[in-house]
Structure formats: C-alpha cells, structure tokens
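Presented sequentially are two complexes of subunit A, the first with subunit B as partner and the second with subunit C.
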Partner chain A sequence: MASKLVTSNRAGWTFAFPGVSLLTLFIVVPFFFAFFLSLTNQRLISPNPTEFVGLDNYRDLLSISVLSIEPEVDDAGVVLRDADGNPKYPRVRTFTRNNPDYKQYAGMREWFRWHSGETAKVIVATDVVFWNSLRNTLMFVVVVAPIQDALALGLALLINQRLRGINVYRAIYFMPVVVSIVVVSLLWRFLYAEDGLLNSILGALSFGLFEGRDWLGSPDTALGAIEAMSIWQAVGFHMVIWLSGLQTIPPTLYEVSRIEGASKWQTFRYVTWPGLRNTAILVLIVITMQAFALFAQIDVMTNGGPLDSTTTLVFQAVERGYAKQDISGGSAISVILFLLVLTISLVQRYLTREK
Partner chain B sequence: MAAITPDNHRLRLIVRYTILTLIALIFVFPLVFMVMSSFKPDLQLLRDTSSFRAFLPVGDLSLDNYRDAFTRAPVATFIFNSVFVTGLTVLLSLLFCSLAAFSFVFLNWTGREVLLSIVLATLIIPFETIAIPLLLLVSQLPWIGWEGLELGWLNTYRVQIIPWIADGLTIFLFVQFFKDLPRDLIEASRVEGASWWQIYRRVVMPLSGPVIATAAILKFLVMYNQYLWPLIVVQQETYRPVMVGLGYYFQLNPAWGEIMAYLTVITVPVLAFYLVLQRAFIASIASTGVKG
Partner chain C sequence: MNLKTTLAGALVVSTSWASMAVAQTDLTMWYHGGGNEVESALINQIVSDFNATNADYNVNLESFPQGSYNDSIVAAALAGDLPDIIDVDGPVMPNWAWANYMQPLSIDETIIADFLPGTIGRWNGELYSVGLWDAAVSLYARQSTLDALGLRTPTLDNPWTGDEFMAALDAAKASDICEYAFDPGMAWTGEWYPYAFSPFLQSFGGDIVDRSTYKTAEGALNGDEALEFGAWWQSLFAGGYAPGTSQDPSDRDTGFIDGKYCFSWNGNWAAVATLDAGVDDLLFLPAPDFGKGSVIGAGSWQFGISATSEHAEGANAFIEFALQDKYLAAFSDGIGLIPSTMAAAAMTKNYAENGPLNVYFALSSEQALVRPVSPGYVVAAKVFEKALADIANGADVADTLDAAVDEINTDFERNGGYGH
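Take a look at the complex of A and B:
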C-alpha cells in the first residue's frame, strides 16, 4: 500500500491538485453554497445587497395546514345546499385573504380537500406548486423504482441464458440508454399525441375498441406516460448492472442445485437471489437517485403541466432559480431534494443491511 | 438434458426467440419510426402512423427534411459545439482524474485520505441539487481572456467544459483500477530512477486501456446528452450544444418530419458508435456497478 512508500508531498499534491481543486470548486463548494444561499434572499442579478433571511424560504415552501370549513347556514341554522343537494361551503379565500381571525392561514391556497361528514377538511399551503412538485416526484420514484428494478432483473435473467445471438438482444435492449433523454422525450411526445403512434397501435391491437387519448394532455395520464417512457429508456442500464451481478454467481452453485433436482423457482430463490444482494441494493439506490432527478422529460414534454400534474422538484428548482432568477428559492428546493435523496438512500441501506 | 426430445427442444427455442424478439421490438420501434419518418413529407408521415407503413421506408422518400432542418436552425453549429465540448471535456477529464487517482493510490502525502473520502462523498450528490448555486457561482467567476480580465462565465465554451472535468465517479474508477495494478512494477521503476511523471506516462497509463475506455464512454454519454446545465448557462446560439439547440429548434414550429431529421442526425452517429463498441459500452455501465 501507499503507506509503505516514502512520503512525497510535493509529487502527491502536484498530481492531485488539478483534479481535486476542480472537483472542490465545482461540486463541493456549490453543495455547501446551496445551504447558505437557501438562507438568504439571493437573486441571480439584483441591484439590492443580499440579505440573510433565516428559514424564511423554507417556511414559504413548507407551510401547510388543515382548515376545517363548516357548511354555510341560513338564519334558521339550516345548511344551504346547491342544486345537487351538496352543502355549500364558504370560499377558502375568505379565510386566507385579509381575515384577522385566521392570521395563520394568510396567503395560503387550497391544495386539496376531503369531507368528513358535512365538514370540509381543506389542506392549505403557502406554496401549492411546491407541494405538487413534491407529490409528483415521490409518485414518480415510488412507481418507477420498483417497476424498473423488477423489469431490469427480468430482462437480465432472460439475457443471461446461453443462446446463440443472445448478445444481439442484449445490445438492442440497451440501445435506448445511449440515446439522449431529450431525443427520447421529443420522440415520445409524438408517439403520445392524440393522432400519434401509440393510439394507432393500441387501436389496432384492440381491433378498434381502444379510443385514442391525448396522453400528455390530461392530468390523469401525463405523469404515468412519462413514467412509462422513463422506464423504457433506462431499464437497459439497470439490466446490465443486474447482469454483471448475475455473472458473479459461481456456476458451480447452479450445478449443485441442478444435481439436487431444484426447480427453476427454487434455484432462483436459493441460489440466484442471495447472490444478488449487493447488486439489488446498488440498483435500487441508483434508480432512486436518478428518479429524484427527473427534469429533462418534464421540460421537453409537458413543462410541468397540465395543471401542475407533472411538475417536479428539480423542475421547480430550475424554474425559480433560473427562469425567475430566484437563486435562494431554487437553492432551498435543491437542499430539500438532497435531504430527501440522502434520507431515502440511508433508509434503503439500513433496510438492506447485512443481518 | 436427455429427457427433452429434439422436437420439444426446438419448440422451446422458438418460444424463447419469439419472446426475446417481441421485447426487442418494444425497444427499437420508436427509433425505427424516427429514422423512417425523417425521410417522409409531413402529410405522409401523419397518414402512415395509422399503419405499419410508419416503420417502413415506403412512399415519397427524400432528404428534404434534412435540408430544411439545417436551414431553419444552425444545426451544424450546434453539432460542432457538442462535439467540441464533449471531446475536450473527455480528454481533460481522463488526464486530470487519472492523475489524481494515481496520486491517491501510488503516492503518500499529507491529506491524502481526507481528500479521497471527500472525493468519494461527492458521489451521493446529484448534479441537479447543485445546479442552481453553481449557476450563481459561474456567473461571478473571473476569467483572463484575450481582452484581459472579465467577470462571468455565462455563454461560453468554458462554462460547459471546466465544471465537468473532475468528478467523483471517474476518479473512483481510476482508483479502483490502479489498486489492482502490480505494485512491484511501480517500485521497480522507482528504483531504476524513473520520475513519478515518467511512471504515470510510461508504466501506468499504457496498462490502463480498459479503465480509460470505460471512463471515456461514461463521460462521453454524460456530456453529449447533457441538457440541464447548458440550458441554464448558455443563451446564445453560437455556444448551444445539440440537445439545448433541439429545444430551441422545436419552438420554431418545424414540421414533424424535420424534427425527426434533426433527431436522426444527432442520434444515429451515437448509435452507430455504440453498436461498433457495444461490448465496451456495456462493460463500462456494468463497471459503475462495482461501487456498491
């Protein structure tokens, strides 16, 4: 090891300096800078001096509350109802705008609501768009990580058999990975269009029963459509990582299980799966990190719409930090994103630790 | 497998290949569609989407879309920018990261371990979380150019290159590889009086073909396909790379066939490159899996 070598500070520093100083300046410094900026009111270009504002940016982002609203009643105390017989509620803005009795809700907007009996429970937040972006990001991670992980393993198992020409299939499955996500997103925009390819294919496969829809134009399907495309693009990447994990399992183990007369499932359960532990952890963490970083697809395909149904944390960070030049607001979202990624990586590591 | 009759065996093979091929179709159909559509006029392109013709080179084929794409936007400039930025970054990254890794593995110096752990810790920082503070940083950085001291790196080549030269993963890949090189070789050269630079140049790097290929391919993919960073630091057409140029081009409302031509031009060379070096590409992705 290096410790046995003579200490050579001059050579050591000279060789390491260019790389390490660039890495420090462009990765480590901005990383800590993000925490600092998120506590200020820094803008990209501003005539005013930067001020320290404490946790104001986080308060604006994270303030959220439940507002219980009782139905409106007439003078006799009878609940007023609309034409469908549903109770009428006062508008949320009567609580959140200039209402001295409800100061804690000042400036908040409705995020969503549900009903408990006749009382409406309204979730109000200062920054509803941020909460939407948080929800969408988490939804994306929760859907994409397990599905992509499982599909990648399935493909890896499929490719890991001895067949002539199997490498051709491996090369094809991997192909979308080398194509830019921007290209893929534009291409799929066309596939997802109302008169696009996907609707024609689905129509043909169902003998015309399937009615075409505008996949990216509806809040119900837009995020799902982006999830499906993202899985399509990146599944080959994780297939290859699974594959290299599969190939570390000694062939003798398979020999033994075959001699012992194990079924395919048993072989997978008791030979393959235990051998894939470390790969499984790695793939899960990598997919999760990549999923949290969702940006290009959104920027190219939907711009966060329709109705904020596809906006994400990174998209909001860029939207504010770059488009609106609000560096501090963008930095605060970046810090929240980093803490989320870190927490989830640590939880994943903890759950999959050696027992 | 003596129990399996030849017929049975053949049937199983057919089933296997059918499954493999059907899955393969899922992965290639959008790309085939892209290339085929790039040769078709819009009217036909839209009509063809309702049938199999969408995937076939049939009908009125021409290179018109390509001509129109190149005249509508400075596509050639975008391509040059991407190739220039990607090429230079890959080269500088290989040099600086391998030098740092060499120092971490073969040399003993104060601060070595602390710095190495900092380098490895950066692996958990997604770029997306530092993009905004980095934007502010580069907008203020000084630079000494032809016209003397200037402030701010926005709208330049350097802002697309310099921040991307050193990264934790590339250094890590070199460190892992160097650790497995025979120590005796280094010590023998040292005894013979070779300088550290000579050992790096003449002994270590010539042995590092595989890791150089891996690091170069990974960096190439990251750089060529980059979107978020150039999107926020480059607003001038003259410095735009292809992916950001694409977004800008799309806003000019070109015909779909033209878009497909643009997509084909910037994608097919990479795909060809990939198909030729397929094993190296896949091996390089697989080697990122070592970091668990």
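Take a look at the complex of A and C:
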C-alpha cells in the first residue's frame, strides 16, 4: 500500500500538490508556529528580543485552585451575620492581594464559589476570563451541535420531496448561509434590541403581558440569544449536506419498504437512518468544529460581554493576540483549543466507528 | 509568446516614460481617512499643493479605512514595508515609537510653538508626531432643559461639582423631559472608553496608570479615589440614569437630538450635526469637577515619519508644509475638528471668536489632559475599557479594578517596563 502511494503515482501527487502545499503553508506551518510562539513571550509589537519562557503562558491561563474561607467572627468567636442571617465572609481580595500568608493565591480572582457548611469554597483562577471563555465555548457546543444537527435533518427531510416549488423552500432555508455572518449578526442585534422586533412580537403575542427585555445586555440571556441566532444561520448549510446524503439512498429501498408495508417511522428508522450513517458522522464533526470556532457573532454583537457571559476561546485568542498585542498568550489559547477539538473529534470518531 | 513580448515591451515603454516625466523623489504616505469623501478631498488637496510647489519630492497618498488602519501599519512594519509618512493616533504614537516603527521629526520647532498641547506627540523627550487638529469632549445640553429643571449653567471657571452633576441627573430623571438623564455613549466601544471616561477617573483623583513612574497601575486604578469613581460609575447604570453597554448605536448618534437623552457626553465632531439637526439652544458644558478639577481627554490623529523612511528630509518637508494655518482651518471647516492654533481657529467658521464651537478651543487649551504617554497605553486602554464595561454591567468594583491593575502590571513586566 505504502509503495503504491510513493511510487507510480505521479499523477496523483501532481493533482494533490496545489492543495497539499496550500494547506501546509496556511494550516500546518502556522499551527507549529503557534505552538512554538506559545512557549515564548512573543509580542505583536516590541523592540525587545523574544525569549523562551517555557510553559509560563499555559500556567498563567490554567492556574486554578480552591480557597476555603471561614466566616468572619467577632471577639467572642461568634460568626457575624448579615441582615438575612447569612454568615459574613472576608473579601477574596484580602487573600489574593499583598497577603504574604497566602502567597500561592497571589493575583488570583474568584471564578465562582459554593458553601460547605459555613465554609465558603471559592474557586480562584489567575485568568478567570479564560475559564469563562472555556465554559461559554463548551456551553455553546453542547447546545448548538445537537439542536442544529437535528433541525438540519428535519429540514432536509421536509424538502426532500417531489413537490412543486420545493426549490423555493430550499433557497429560503439556505439563504442565511449565503449572507455574511457579520451582516446577519448586525441584523440580529437590532432584532434583540430592547425596543426591537423580537420584544414587539413577544409583547403582541402575549397581549402585552411580556415585558421587553434586553436580550444581549443581560448575562442570563446573551449566550442563549447568540446560540439561537447561530443555529438559525448555519442550519441551512447542514441541511444541504443531509439532503445530499438522503439523495444517495437508492429509491428501490423505499419501494421495497412500501411493498413490505413499513410505516413512515419504520422507513425512517430502518432505511433512511442507516443510509445516512456517514453523513451523520460528517455533519456532527463539522458542526462541532464550527461551533468551537465561534468568533464573528461575538465580535459584532457583544464583544464578549456582558460580564464575560459570551466571551469564547477564539474571541480571546484574537483579543489577546491583536488588541492586547500578546501573541504568545493568544497562541497558547489556540493550542489549547486545538487539543480540545482534536480530543473531542477523536472521541466522536471512536464512538461512531464501524463496529 | 507574441502576447508576452508585446506586454513586456509595453511595460518597459510605460515605466521609462513615467521616470522621464517625474524627476522628483517619490514619497509614500498612508492616511486613516479612507471612505470619508470630505476628508479625502482635504488631504488630497494638501498632497497636490505640496507636489506642485516642491521640486524635489512627490508624495503618493494611500488612504485606508480607519478601522483597519492600525492593523495595516503593524502588518507593514512586520513585513518591513512601511511608507515614508504615516499618520498615527496620538495615544498610540509612543507604542510605535518604542517599537521603532517611527523616527523623530526634525521640523522647525518654532512652527509648533503655538500649537495646542494635545496636538504634539513627544516620547522620550523627542518630537515624533504633530497633528493638524485636536478633538475635545463636552457635556451636550439644551438651555431649555436647564431652565425647565431650574439648573444653573456651569462655566469653564465654575463647572458643576460632582454633587451638582448628580443633582442635575436626579432632576432630569424625575422629570419626564427625556427617557434617560445621561448618555455617556456606551455604544461606542473601543478607544472612546479610555478617551472619554478616564478623565472622569482623573477628576476623582485616580488614573489608568501611575504617571509618576509609568511602571504600575497599583494605587492609581484601584486606590480609594478609583474605587470612589467606580462606585459612581456603577451608580449611573444601576440607578437608571444612563443606558448601558447594549445601547443601540443609532440611539447614540441621534438620541440627544431626538430628545431621548437630557445630557450627552459627546465630542466636538458631533457638534455640527447636532446644530444642523435644529437644536438651536445647544450648550457645550465643561466636564463636572469631582474634586480634582474638570478634565477632558486630548490627542487625535497626527503625522509622523516611519523609521525605515530613506527620505526623512522630504517627509519632514511635507509635514512642515501641511502644518500651515490654511490647512488647519480647511480641515476644521471640512470635518469640524478643532484647529491646532489660535490663528487657524480665527480663520474657521466654527471656532472663530464668535463661532458656535469657540468654547471647545478653550476647553482643549485649559482642561485637556493627554492619555498616559506610554507604549503600554495601547494595552492598558483595552483593559480599562473592559473594566468600565464590566462595572457598568454590575461587576464588583474593587475586584474588577484589582484585576485590571494586575493585567496592566503583568503587561508592563512582560515588556520590560516599556522603556520607562
């Protein structure tokens, strides 16, 4: 097999050459470059020489630990309580700033906390923004991948019929994919505005019961709003892939199942779904990877805010690398993202392997 | 084959023809105002006037959209392909000078003796950039609003105190004249935040970095004064005085004109449009004084010379040429900017003695404080922007400012103190 690949395959290599060389130049080389840069202190703009700093960038990003805080007590040892009866805790900054007794927490910030008895367990991290980005990115993937996948399949099934004018629907569903994501994001920003279309519709439908809310301005709804918009925007693309998969299933199989008296569900379960196996794997992996690359919507709609509720790994990589001129920090995030996506893709491949 | 020879021949002929016609040395120049017709016409006028009068040099201008201009410069610098003359935003200049993108100017310093302080860019004791204009910010208000709310008109010598300002906002909020009392302009993300809002912090007594050493932000951005500023800043949004970070950009542009906002914190560049829109009792009030005086930002786009330019002499000649009062006045009349000199201001229709925007010239010369003159400002500005957005959205003030200080200090360390 290997010998066949290298020898007597000149035509094959000639055809592959342009694609392979471009991929190498723009994907493979930059990746190794990013990996190398993430071990240095490379700046975007600097007269200072670049130095090798080992894993410092990764340590700054990933350092995280648990700080246990006991409630404040008065002289008699009684726990101080606020008006609601909850114990009062000293501020985290008293431990993390200029406190020689807690050197290991220096420069860290609170990410979140929970209570075990009266003790507050505070998760502190050097780079809370990074951890928020990681959380948001994963949340986005977990929500978008399955919903977009299922919706796209549903749409593909709907438009895979011989009806007059079905092409109009195909075009309509596919249209958001053709429009630039930046334009789509800008438009949805208006839809989501406090006095925007969405609030007006919801208000009209509920006869004025629904009070308008600031979808992108509230940490509770901002990420969800972007997820909904992203699902809508790209669903048409995956619909087309599903559709191409549907059309590779031989019509004879459907004829057979009709003759055998299969119900619609049985036809789907035993004819359509097995026939879509490879398509399903492709769509799942593509959606997952695209979801991890979430950037444009964030950049246009929220800039990562409010309160880091929509910041993502790619957004942070760009923000640090260019806006904050920290190429090495941005590269470190890219490498972490790469490893994350690689791991998840490998797991998906393993789970969907031919048994 | 035939086609190739023809093309090659045509190329040889055309280039030799061009080099025969032009005996001047070519200079390249990049400018940030691409896409703005009026601005392009103005800068083109200067370039063609220069080329017509100067026998030795010929400037070729290339304009970029403002949004991608800085990226283009950085990319060109990394590729070793900078033009001779560049323009640079005032607060960014130290960064580029420190990174050896720029060389000091060698223009006759008497030319700029009367220039507004915000228009002159110095780093490490050397002159690197000069601007034809400055920009300033003031509190937009209507006389009728002040009358209806029974407020005194603050003046340059006697601005509102912080308490008076908040009393004014309270009065505006209690009335139903407008939807929001105050519009700080949260929709304008980016450099607007440090440019427009750090003066409030400075008026409280804090700053983005400690300007005595330029080595730390500790104490300046998270000291007691800064915490006080942060609490006040948060109260603007928590108290419902001002629209938050999700403000619609179009409301930012027309909200004051439409009467949606009683007071608006806005720059002189919006003044002409506001007057033209029919707000005939428009006032430009000075910034409130929160204890350490009224402060506004300064420093706009300025001209400089790239470090790699081989024709610095010609580039200096061009900049000297551009600094004539008539061009300063032309830019001011064209796009509403504050001309750099009093003499040029007198030639303009807006900033002359009795012009409608004359007050801005006084604001700029008396209250303006440039943003921290440091190569690290570029990063600190981003950190400051995020901190202010977070505080406006309800983040804990002390924690947010601490985190901002840590990030700025880490950046200082990683850059070996930025040469301070």
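Here, the second predicted complex is superposed on the first by the 330 of 355 C-alpha atoms of A that agree within 3 Å, B and C clash if a C-alpha of one lies under 4 Å from a C-alpha of the other, contacts with A are read in each partner's own complex, and residues count from 1 in each chain.
Basically, contacts are C-beta pairs under 8 Å (C-beta built on N, C-alpha and C of every residue); 3 or more make two chains touch, one makes a residue touch a chain.
None of these values were measured; they are calculated from a predicted model.
Novice: Looking at the overlay on subunit A, is there a clash between subunit B and subunit C, or do the two fit?
Specialist: Clash - subunit B and subunit C, as placed by superposing on subunit A, overlap.
Novice: So, does A:Gly224 touch the first partner subunit B, the second partner subunit C, both, or neither?
Specialist: neither
Novice: Just subunit B (first), just subunit C (second), both, or neither: which does A:Leu44 touch?
Specialist: both
Novice: Can A:Val128 be said to touch subunit B (first), subunit C (second), both, or neither?
Specialist: second
Novice: Considering only touches as defined above, state whether A:Tyr322 meets subunit B (first), subunit C (second), both or neither.
Specialist: Both subunit B and subunit C are touched by A:Tyr322.
Novice: With both complexes superposed on chain A, which partner does A:Arg97 reach: first (subunit B), second (subunit C), both or neither?
Specialist: second
Novice: After superposition on the shared chain, which partner residues are touched by A:Asn303: those of subunit B (first), subunit C (second), both, or neither?
Specialist: second
Novice: Given the touch rule stated above, what does A:Phe31 touch, subunit B (first), subunit C (second), both, or neither?
Specialist: So A:Phe31 only meets subunit B here.
Novice: Which subunit A residues contact subunit B in one complex and subunit C in the other?
Specialist: 44-45, 190, 322
Novice: Which subunit A residues qualify as touching subunit B in the complex?
Specialist: 2-3, 5-9, 11-16, 18-20, 22-24, 26-31, 33-34, 37, 42, 44-45, 155, 158, 161, 163, 166-167, 169-184, 186-188, 190-191, 195-197, 200, 232, 236-237, 240-241, 243-245, 278-279, 281-283, 286, 289, 292-293, 295-296, 299-300, 314, 317-318, 321-322, 327, 330-331, 334-335, 337-338, 341-342, 345
Novice: For subunit A, which residues count as touching subunit C in their complex?
Specialist: Against subunit C, the touching part of subunit A is residues 41, 43-48, 60, 91-93, 97, 107, 109-110, 128, 190, 193-194, 214, 216-217, 219, 303, 305-308, 319, 322-326.
Novice: Where on subunit B does subunit A make contact in their complex?
Specialist: Touch list, subunit B to subunit A: 13, 16-17, 19-21, 23-24, 26-28, 30-31, 33-34, 46, 49-51, 54, 96-97, 99-100, 102-110, 112, 115, 118-119, 122, 124-137, 139, 162-168, 171, 196, 200, 221, 224-225, 227-228, 231-232, 243, 246-247, 250, 256, 259, 263, 266-267, 270-271, 274-275, 278, 281-282, 285-289, 291-292.
Novice: Within their complex, state which residues of subunit C touch subunit A.
Specialist: 71, 74, 77, 95-96, 98-101, 189, 244-246, 248, 378-379, 382-383, 389-390, 393-395, 398-399, 402-403, 406, 410-411, 414-416, 419
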